[in-house]
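Okay, structure first, notes after.
Per-chain numbering from 1; labels A, B, C and D assigned in written order.
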């Protein structure tokens, strides 16, 4: 029953447009210039915590731009579609967005599965698509494989590979240098995006001086993590390097209830949600996770103003995909401006030249010859990400040092050998 | 008897409906077309299921086992070697048929809830296989296929409509044909059917194969409409449930009713979309009401009224 | 060491399965109904416990409330969904089975969707009644895990006493063997059925709440929960309580073994394979009566 | 006749169900153009023989030859194609098809590729329909037809493959006299086509009109064979059906206090199963403390009558207890009211101990009363005391029957209905139950209705006897007059 075909809640609003469609053929869809409006389609998971911020953030950006008179005098219109986290429904939404609503570009989903299903359609329907949250490297690899066909897809969020790099950077400073840790076990869910992530971990952790004792992948529908934690514990590592997104509450709660004496450190998408504390009954105390943003952390001068106005408008904090979705609208708008046209191919060229300071750092896309073409460039001066920890009910940023808001601290059951200097 | 079929209004009504449906793209939005395209494929799923339940009297809880086999075989083949689409579809269909036979041969020995149960387990197995063999099937991610039937939603719509119409005609004709009679007799009372000289198992197995054929074919085609296959779309038990409910509320033992039921379910789910998460709730509630108050389903009610006279 | 871990963890999860399946099989034994809204009942109980526990803090209050919610729902299920179908004359007897299955399934989906709508479909974990850990045979085990196993067995024990030591229970048992016989002895079957559904509701409720404390639930869990109860009951033999208990432990330990020795990712597969084999070799299950 | 070559020949047929041997070495022949009546009371094994012939059951020994081919153990559809047709007692036509289609169905070849209807078949179907007298209703749906026509459809289907052997199960059950006559004619015609016909029924009388020979069975064995007259005269048969010289001890009806308003009265009760009429204007009355036996063969309607009284069946007419109508009360309520049935097939709780079964009966008694009642019952059936803690399912048939009666008595009934207590029991057990009944009769004011096909058992305990046949009361009177007045009707 979950599989009813989908479409955004404002279906009725667009039926008027549809009549216009009839005359026009699909392969060269009519863009919306004539109406003097730039349309951006947003396909996201409305009821999932991470996905729900995407349309709102995009809308916020559009409003701001329109308030300033739009791009070259053209207003931006956001058309959003709920995909119920299903690839099939996303494909239908994408087809409708392009063939029916004639959007000029699409911002799509935080789920790698969905984006991968849409990527070929972006090529087939020659429409620029950017994902604000998916992490799988395969997305960019596909572009590298068949650039001419897939060049319309852009990766607006860090690829898993990049993420693993950022986690390692933070681990170096916080764990190896800070806590003198020597060994680690990788624990990640068995999903598209973690394959390159784990590969990245395996490669960079030893480099920074963390010996990888074991590498555990578990099915995302796992409910009982006891065996996994016991297994890890028997290896006696100093830290658990995580890669979880679909799951989150259950491993965290069982980590606490079993009092696993080893800290968790790494990617834990659900931990970035402000509701995570309540969902886990506070079990998340002491969990360390990578993020591109955090409450009260001014990554760039745009970060905090965005969070404020987002919270004013929608009454809650944006998820990580919210930040990127917000930036993506600006990036697309900027590309429109430079391309001076909404023609997809011109738009791609303009997008590739992007150099934009957003809420999570400075955005530049990797060039055509790179194996991760259209992925984000990372590193000092570009995007570094943050590292935060849940401390009695609040998300506290600990890394990088210049943005730190507190000191690392663990619940009593965690045994950290080295003294917390 | 052939005459009777031609005389039965059902056929003519169906024919007119199909003709009208074929003209929809001229004045309906692509979004509605996309919705109906999916609905039509589900219509075929439900009709194939009804042949088994309504006529062979075997409750198959695993329609998605057959559908999934068809869909994934076709998708994987296309992914690996990119043969012409029709080859993939053919392969998918045959896979479904073979799988159906392998499932049915032993399962047909079982009575009562056990047949249904085995079919259910088959689905769970397939689901696990897809997840475990992620390298081949794309696992949780789902599978993206390079080729699609068409990128024009009108064309896709007409393909689906045509396919449903043909399948419907075939299944309906079959159900009304002499073999259909035998099948119905075998389903209703195997002992008597055998005493009339009919090899009950043979006919039930045949029914299973036909059902598998159409399920697999529909599944394979749907993959090439979506350009993607995922457990949630083709294999998950909830999908099977939707197929079954469609057939039941449409009116079991009517074939055509099954299609109507399935289309109704999807259309409803869509019209209620503005209610967000409540949509599914309300659709289930409606279906439940139908099951409780009008057990013979939409078409069943009409048919009954006709029979009474 | 590993052996002990497997033994202990397997025991907790198996006990939970056992409790979940017992009620399920009881219903089938007495009224021949396979209630496919089973998982939804369990989830409803857990979420109710979570919601109340969160707002009033009291884990006990929450837990009890959860069990009551399940009890209520189960009785509603009987009157709203099952009974009308059992009594209608418009469906041929041999077809009622599929109708009841479909109807309970739909009903389950309704409950599940209602939960998702009211409480989102994020995973929820009920605040454990007992926290902390204890070390058994060198295995550090959450006290809650032991608590879970204990409660499960208390509940099952209570059920056993009820069935074998009380008049109500005896009547229920008799009804499961021969409903006609019971009627002829002046017992109103409808009352027996209500009693059974009530008992079932409480069992499912307790199981749900414990699951919420032990592993956590989300509205997505409903389907898998029904499926696992279903397979366990089939494995044990439809309608045989003792069968389900054994099957629960077979499945529980099989899963735990797989998780420890092979990989957590393959957890459920061997159990399924076993189920298929049993279905073909011995369709009526390990201790099936019919 | 035995000179004629056998169309159908059963030789040394044996069928076991677990320990119990249902058919013991049965052999008979049916020649072309001959009708053999296979008769026997319930549990005699005649149905098993029939099932073994059409392949529903697999015989454990012996052979079944159709024109010389041994078909024992073949799947039924093969046997059918070899030329064995079966007229089932309970007709289950396809309800959504017309009569014609139902007949066509039977004519279809067993092929998967029969997609187009064949006009020739439709012609034959019409011909067969005409022959069995269905021409008028060809295009009606079965649901709209009278019972007799449904039976006709069954005959038509059996004829479809032009069988050499036709088996007919209870040919006349549920038919009115006129309909019966028509069927006699129909079946006679089938014989005259040179088919071998086997009629299976309960007693000689029901097949007398047709059968050239009768083969009588009792508890799995052949007890007699020969012409209708021979079998009717046969001593064993008479003992089985009528019992030998029975001494009766009836108390005159006038002697009962409530002669004015009977304790229980059934007034023109009618019951239908679908279209088949199971009870037709049945009126009986029972006085307080009276023992009434209702004798009738299996299928005559005894159980139906009792279930109507116990409120388990919908019925027309009135059933009154001490003048008050029982209509609308639930079966349980009626039982609680003291109108208790010890049903055919006993309906015991097989996985429970004897004691638990009894307690289920006595659950509404206070502890003391229950104990005292148990005491009395154990005195009545001592064996049960020994078996107290044994599972009911493991008891012997006789012990189970005693338990069933005892369990009913635990309810302290005013009126006890005993349905077929002797079914399949050994004589020695009968004696014990007999004694118990006699004691109840002497020492208690209990009223009893005893339903029996075993007259030997039914008469001695009866103050009055009703004979039930095809759902009608055909005779009422003192047991002493039974053999003389009703015996013939009963054989």
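Methods note: a residue touches a chain if its C-beta (ideal position, glycine included) is under 8 Å from a C-beta of that chain, and two chains touch if they have at least 3 such contacts.
Just so it is clear, the model here is predicted, and its values are computed rather than measured.
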item	value
Top-ranked pair of chains - ranking by C-beta pairs in contact	A-B
Farthest chain relative to chain D (centres taken as mean CA coordinates)	A
Mean-CA-position distance for chain C and chain A (Å)	38
Centre-to-centre distance between chain D and chain C (centres being mean Cα positions), rounded to whole Å	44
Separation of chain A from chain D, taking each centre as the mean of its C-alpha atoms, in whole Å	76
Approximate Å spacing (C-alpha centroids) for the pair chain B, chain C	31
Touching two or more other chains - residues of chain C	109, 113, 116, 265
Residues of chain A touching at least two other chains	1, 47, 190, 219
For chain B, residues that touch 2 or more chains besides their own	131, 238, 241, 245, 276-277, 280, 284
Touch relationships between chains, expressed as pairs	A-B, A-C, B-C, B-D, C-D
Chain A-facing residues of chain B, complex	26, 28-31, 34-35, 38-39, 131, 134, 139-142, 144, 146, 148, 151-153, 226-228, 230, 232-233, 236, 238-239, 241-242, 245, 265-266, 269-270, 273-274, 276-277, 279-280, 283-284
Complex contacts: residues of chain C adjacent to chain B	34, 81, 84-85, 88, 90-91, 94-95, 97-99, 101-103, 105-107, 109-110, 113-114, 116-117, 223, 227, 230-231, 234, 238, 265-266, 268-269, 272-273, 275-276, 279-280, 283
Interface residues, chain B side, partner chain D - complex	1-2, 173-174, 177-179, 181-182, 184-185, 188-189, 191-200, 202-203, 206, 253, 303, 307
Chain A residues within the chain B interface of the complex	1-7, 9, 11-12, 14-15, 18-19, 21-22, 26-27, 46-47, 82, 86-88, 91-92, 95-96, 99-100, 112-113, 116-117, 119-121, 124-125, 136, 190-192, 219-220
In the complex, chain C residues that touch chain A	1-2, 5, 9, 13, 54, 109, 113, 116, 120-125, 127-128, 131-133, 139-142, 144-145, 215-216, 221, 224, 256, 259-260, 263-265, 267
